[in-house]
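Quick one: this structure, given as structure tokens, is what I'll be asking you about.
Which chain is which? They are A, B and C, in the order written, and residues in each are numbered from 1.
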């Protein structure tokens, strides 16, 4: 499965810049093959089959790839969105230089993401996690400007430092337990009480390490800067790859390394929940004051991803559903928003919110998709964000942590405060006579390769909310996962 | 046709009534149809006239939604259909081209939300559809509007968001209390739960914001002031009436005596009625706002009574929906009449309601009514009457209208008295 | 057939062949390139043969000329030697292919004999079983290396070569004195016999002190590293690669051998290992910070070597409680650093050749223009930083594990900090590689073979990250660390 994106990636590196068609075919076929594979495995797992690959890495330590329910949720998300983003990226980068390099790293990045998703123990996770850092760096600095280099540097500073913390924590954990295998409900039960302080420190280190990518609040500085990257990169970075990998890591740590009960007994989940809550509010507040569209979306991501962390940290089965399902939902909604932002920039040269007056008339489809995404972020039904908020709120009530609801409400309010003015501007203000930099697409509003992806993802976001109760919906999977995590065998 | 086939047919019609307008929102579809706005209402209208009660679960929708129609829902549905039909007709004359298409889209979106909310038989469904309706209505309201409309729209939006947030909390509470999120299930469960007081207040404030009762009438007055005829009609038909409906459906009426909270709600209602009445007496006020606000307050007073005395509510429960429907219908009718009379004078439809135009007749009439029924201040009456007579030298149809209004006076009075009597009974 | 293989004196040929080759190349410069390449590849095959032999027969021991210990020349090979030989052969092949394209005319004629001599010295060193023999190979290696540095011909290079020569001679001299003292004291230079006979005494202390100091000087452990950066930076690229990848490791290998066999039993626990660890930590930090401050690419890489050598010494204080993983870590770091550093120097050489300079800030969009080289540099960097998946990561992981087992937080912190600094200097280079420089410069074509060798070696460093189990089991042959099986 990993190979399906790794191989095209490597081949693409070797391709000459001119071979557009071959590259496109390779890209798309890789994405499609992966999607088919994921579908196959998904079906298999739902039939109770096990998929596992092991490769000895060190004596006693193995590289494990396993297709569990949680992994599959993330894998299907990345496979799906990769396909969409590939189409988008092909359209977006048409005619720009260094596309071979771009798509090569792009594929590598997805490889790493899938690896992160499928990894069956902490060391495998770490391995792919670092690979992800490395694969995204060239994408961030892709434009090759001084600003891009600077952003790349900051990005690396944060992520490499986070990776180092992770490494220490992982090794430490290994010396304490002698295993790193992800197991539902954790594998630390055997550790004696005298080691609990050490475990708390390890937990803190792990969370700090993952928190860098998940952009938890004091560690979020790189994210808004990384917006210099091309739009498909931002989209992928925010929706699937980097930020999500961090959040996914936190989920893994809490569920499959420490185990929810164990972590709750250690007393580490409370502070984590608070941290997530602070991040949610802080991100929204900062987003409120951004005029650059992509920066606003970036801060919104900071806020939204912490929903996942929050759902995990509340430590109740229902909140867990909310957290896990938001992994998918946020991905769908945020990628839509970023696609739309990219479309605006590529079609009309719009980068700032203050330039968006009346853009809904010029690009109705794009803005419709954007609207769906924005409402999802606010958590208005029936878009997917509502389902998340619903389960988080319910979970908080169930766990007796009512303050979370206030945080959620505050966040929704702020979300509304920074998304609705954009929508209002786009739909109800008079358009200017000339756009900042208009490209000609004939009668259509923009190239179809740019238009189709956001519309599709918006539809998916809508469907994920509207059809939440259907079998194989993200919600159903999340429920399945939560059952596994919370029921003692 | 067997009963079973009929039930299936009915439920299909029910689902189509909601889905059809949603489908038509797509510009590519409705731009190819004649009368798309009217066409969209047809299934709902059909549903109103088809006899029989039915409820249909759609387990794949949201967390498992349910639609239902029965005798009492039909009242509200019928009212909605009528209001929407009128609004559709009145809007027909708006601009062509993109603006028109957009108007239609938002119109249909709001319509679908409204119908869905009426037909929904569970909390989540209702919440979901009212949200669609709320934002759709905002769009309908602000589009093509001037700066003032946009300001009013913003105010509405703020109220809407806060109300939705509060209702969301209520929803969570309900879901936390019981698994059965259908209206009757929630009502029964929440009455027994320890959080029922909190639930009551959150729900109440949420819907109070939506309906714009005193003291949350801010958005209502600014909205009425700044908009045109058709939209003003829809303000009644969409957020206000749906707010009432929601309150009746969500609150645990007839299950539990709430004592002091219910008393406070009652008081709010009564004060609201009085306040609205006083406002109606001031010549500069926008009358229709206070009519609507007063009606809503009246409704709240009744609601408070129901909350305080479950037995009374159970006794008169069947009146609830017709009451809502007729109140809404009445207000709508007022607006339409105003519009009609204005049209004959060829005035601009955006009504700031200046003192001396046709609405002043309404003022006079209402004041007359207020004074007759409540205050009984003959001197004031005479003074104003003299003034009014001085002003209104317009012609024969004004006279006709005035007679018409005076004829309605009795009905309004009747409703006010009904509410007050209920309130009295409670205390 | 199998018997022929297992009985064949691979080790002897391993030494003799390059020497002969060197002489041939010296005598007939016209065929130097062909001969050199051929010999290096044959040497690689010979190492495979030796490996076969060791697998079947266990530890290899060969008395040259049938004299044997205590005075004769013995060859000895266990898992550790074998690995060192293998890595020498591997890097040697890479360097040879690279050099074939790099050196032209006159330089080539001088390079090949020297390089083959160096190869012989290295092979001999890794196969030596007595400390005097080691001295001989040391001298041979040192002289060949100095001559290679001087090959660049520039004033800078000559100065550096001179300094290097002095350091090498000083180191060898100290070592020789130590050997003499030992021989005087115990009447043998064979390591195995020494182990039996040696006992703590002032003589042995003095001897060990002298030998240790000499070796540390040659290994360029901080603060004895002064000679390394200029020498490595100013030498011709293939030579830099050789020096950083192999020559430094050779003296470390001897130090490790002596430590394991002689020093540890005698002076272990006396704080020497702590001192070494401390110096190692200082080397990591100092080297990394210096690397970060450099403006020229090759100097940066040279300082990186200083830092990486520090990692090797971090293992010494950790051996007491976590011997296995500490030594495995050292082995792994040696291997992966050899590959990665060679690749890195080659990549730098390509850039130098491409743009005519190696100023980091003036790297002009080389990612677009020399993608293979940039990839080689990046992959090698991954290993140097110790990021997974790479050999460097495995080494670092094992080292960290050892440190954490003992609760040596100071060392953990140094390692992490070192990794971060490494990331800092490597991405500093890569960042500039993406952007356009202020001064755009003429570019010359770089032969494909040079690009590919760099890339392949870097890939090797990455691949090493997946080969930990076989490699570590190989090290276990002959039990060089004296701790039984490598890991249960």
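Odds and ends about this structure:
By our rule, contacts are C-beta pairs under 8 Å (C-beta built on N, C-alpha and C of every residue); 3 or more make two chains touch, one makes a residue touch a chain.
The structure presented is a predicted model; accordingly, all values stated were derived computationally and were not measured.
Relative to chain B, the chain whose mean Cα position lies farthest away is C.
Distance from each chain's C-alpha mean to the overall C-alpha mean is smallest for A. Rounded to whole angstrom units, the spacing between the C-alpha centres of chain B and chain C is 84. Between the CA-based centres of chain A and chain B the separation comes to 42 Å, rounded to the whole angstrom. By the touch criterion given at the top, residues 27, 59-64, 98, 102, 124, 127-128, 131-132, 135, 139, 142-143, 145, 150, 154, 157, 161-162, 164-165, 168-169, 171-173, 175-176 of chain B touch chain A in their complex. Considering their complex, residues 361, 364, 375, 379-382, 386-387, 389-390, 393-394, 397-398, 405, 409, 412-413, 416, 420, 424, 427-428, 465-470 of chain A touch chain B. Chain contact summary for the complex, chain A toward chain C: residues 13, 55-60, 63, 97-98, 101, 123, 126-127, 130-131, 133-134, 137-138, 141, 144-146, 148-149, 152-153, 156-157, 160-161, 163-165, 167-168, 171-172, 174-175. For chain C in complex with chain A, the touching residues are 365, 367-368, 371, 375, 378, 382, 385-389, 393-394, 396-398, 400-401, 404-405, 412, 416, 419-420, 423-424, 427-428, 430-432, 434-436, 465-466, 468-469, 472-473, 486-487.
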